[in-house]
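For reference, chains read A, B and C in written order, and residue numbers begin at 1 within each chain.
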Amino acid sequence: MKDLALLEDNAPKPGLWTQIAHPGLFLGWSRHLIVPLAVITAALAAWGLYLSFWGSPPDYQMGDTVRIMYVHVPAAWLSQFCYAVMFASAIGTLVWRHPMADVSQKAAAPLGAAFTLLALFTGSLWGRPTWGTFWEWDGRMTSTLVLLFIYLGIIALWRAFDDQLKAARFVSVVTLVGAINIPVIKFSVDWWQTLHQPASVIRLDGPTIAPEILIPLLVMTAAFSMLFLTLHLVRMRTEVIKRRIRSLELAAARAAAGGAL
Amino acid sequence: MRAFLAIVARDLRLGLRQGGDILTLVLFFVIVGTVLPFAIGPDRPQLARLAPAIVWVAALLAQLLSNERLFGSDFEDGSLAILRHAPLPLEMVVGAKMLAHWVLTALPIIAATPVLALMLGMEGETLLRAIGSLVLGTPALVAFGTVGAAVTVGLKRGGLVAPVLVLPLSLPVLIFGTGAMAPMVPGASGQALLLLAALGLVSVALVPFAAAMALRFAGE
Amino acid sequence: MPEAGLKVDDLCVARGGRPVLSGLGFALGPGEALEVRGPNGAGKSSLLMALAGLIAPEKGTIGWSGGGEAGESRALLHYLGHRAAVKPGLTLRENLTFWADALRGARDGVMPALAAAGLAAIADLDAGVLSAGQARRLALARLLAIRRPVWLLDEPTAALDKDGAGWAGTLVAAHLAGGGMAVIATHLDIAYGSGVSPRRLDLEGGA
């Protein structure tokens, strides 16, 4: 039981930082956040979906398929944002050795992979009418695919360790190396593309996005971001609880061993 | 410097005495390079066109296979713990081991490239560029492999995870490496070689810090 | 050989998230030894690893003196863990010469050390042929070949026969007589010879 006592009662003074960062207190305050966050997410999603389907015009060129963008762009944004969260948490793990940074890192990885997969999936759905094929070796799509592989590799590394406390530090090293390398990968993929098929793809970006497209896009992006926040918090709570169960089991095993001696 | 050279010399000596490993690695490289034509077909012009890709994929896979032994035996027999008490930082220990590893794995592959090139119908100039791109690109491959080896060093199940981590990270090396041999766009080849050299320098300079960090954690 | 001092204060060490040592404190000076006893899992090895700088303590300080600049303890000490760090593929002599080079010792200490370990006759054989006891002797010979003031020994007599264990004991005694310092974790009694009585630290399981 000693571990739990350590987890629970070691807080010196419940300052703001301690309240945020202490695993036991985290479970306390985060409980009250989940429902409001979920409600905000649902409301934003409902508004955003309404705007996407009925509140915005079809594209003069692409027709209704342009609406895929309202899912694709936020998912693509989150695929990168999740990595940023993992990167920041990795620094927390390496510099401050903070257990909540470990938990945050671990919680963000599958979410990042899921949003990246969603971005790829919607991208290829969009690609079918636009390029005439589900998969085109387009620069952005290819970099996103490599990003997915990096996420999956990181998840695999997490799972390869029995001791999750130890795993966090090794994963942090990979996350840092990945963060430095992702821009290089992006650059190399773009370079590769210009080498093999100079300028062919239709791109939607550009500075002149009409407001009736921009507003649903922003609302959907907000909805996705809130969804991430909610899920991240839920997953972090699950992970903290899992670790507690684990330390309880360890304590029980040791108590039993002590009795046997 | 004496300690650095001692580590390089010891690893080289160990590698050369167990020379079988080097031969196996070269064999693997050549076999991968000759198996792919069986999948592609014996069409010589087509093979010649695909030759850069084949050479690089074979080199990448061979390098990937050899990374596990970079730290494995030193970790298991306790040498790594003692090297922590050497008068040189762990980052330099990693650097010394990377250098020896490059000599033991990359050089034999580069030396075997002409054989593969001959069979794939590579022209003289392309062969030179292939060797050049391998010389400039393999340090970066070794560097990324070192990260993979360091973060999985204490893992019993690390054998499969490391390649999955290392392959996506190595993608730029593959792109610039094959790009250096692709004569499609004028000027691209020289640009690719420059990028490859830059990538090699930066990764070889930064990786020892990341790998040493992981090895310190692994000591626990 | 430089002299060294060690002061440990309120040391807490955790492994795999559970505390194994807490509130440990002691001091050692030149010519002194500490023998760490206790059952399996009591934290003997963890203590040595923490002293060797291989694991970071949760709390507390490990202060070395005599190492010159702060943080230079790594050039002061020898750590002998469970694993002998003997490389098959190199001869015994090459094994020790490598450590002399890597740990910045003198190469001329190598042959006398091998002789003292009783391994001189097989100095040019491949280390792969050594028995566990011989590998242990070779590992102890490293401590002789490269002079360093602090020895951290984890079960130094493991795998050694009676003669070997006796030799290891006299090795420690001579080291102490020369002004050295040693921390020895063991669950066996070690005969150091007369006049040597290390201080004793008993660790109980479950800190």
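Rule of thumb we're sticking to: a contact is a pair of C-beta atoms (placed from the backbone, for glycine too) under 8 Å apart; a residue touches a chain by one contact, two chains touch by 3 or more.
No experiment lies behind these values; they were computed from the predicted model shown.
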Task = Treating touching as the only link between chains, describe the layout with one word: line, ring, star, complete or other.
result = complete
Ask   = Which chain has the mean of its C-alpha atoms lying nearest to the mean of all protein C-alpha atoms shown?
value = B
Key: Remotest chain, chain A as reference, centres from CA atoms   = C
Message = With contacts counted as defined, which of the two, A-C or A-B, has more C-beta pairs across the interface?
response = A-B
Ask   = From the C-alpha centre of chain B to that of chain C, how far is it in Å?
value = 37
Note = chain A and chain C have mean C-alpha positions lying a whole-number Å distance apart equal to 47
Message = Can you compute the centre-to-centre distance for chain A and chain B, using the mean CA position of each chain? Integer Å is fine.
response = 32
Query = Considering chain B alone, which of its residues make contact with at least two other chains?
reply = 220
Key: Sequence positions of chain C contacting 2 or more other chains   = none
Message = Using the touch definition from the top, which residues of chain A touch two or more other chains?
response = 166
Task = Show which residues of chain C lie in contact with chain B when the two form their complex.
result = 15, 49, 52-56, 74-75, 77-79, 81-87, 89-90, 94, 98-99, 101-104
Note = Residue positions on chain A within touch of chain B in the complex are 94, 146, 149-150, 152-154, 156-157, 160-161, 166, 169-171, 173-174, 176-178, 180-181, 184-185, 187-189, 191-192, 194-196, 198
Remark   = So, in the complex, the side of chain C touching chain A is made of residues 16-19, 205-206
Contact set on chain A toward chain C in their complex = 2-3, 6, 163, 165-166, 247, 250, 254, 258
Ask   = Along chain B, where are the residues that touch chain A in the complex?
value = 147, 150-152, 155, 157-158, 160-161, 164-165, 167-169, 171-172, 175-176, 179, 182, 184-185, 188, 195, 199, 206-207, 210, 213-214, 217-218, 220
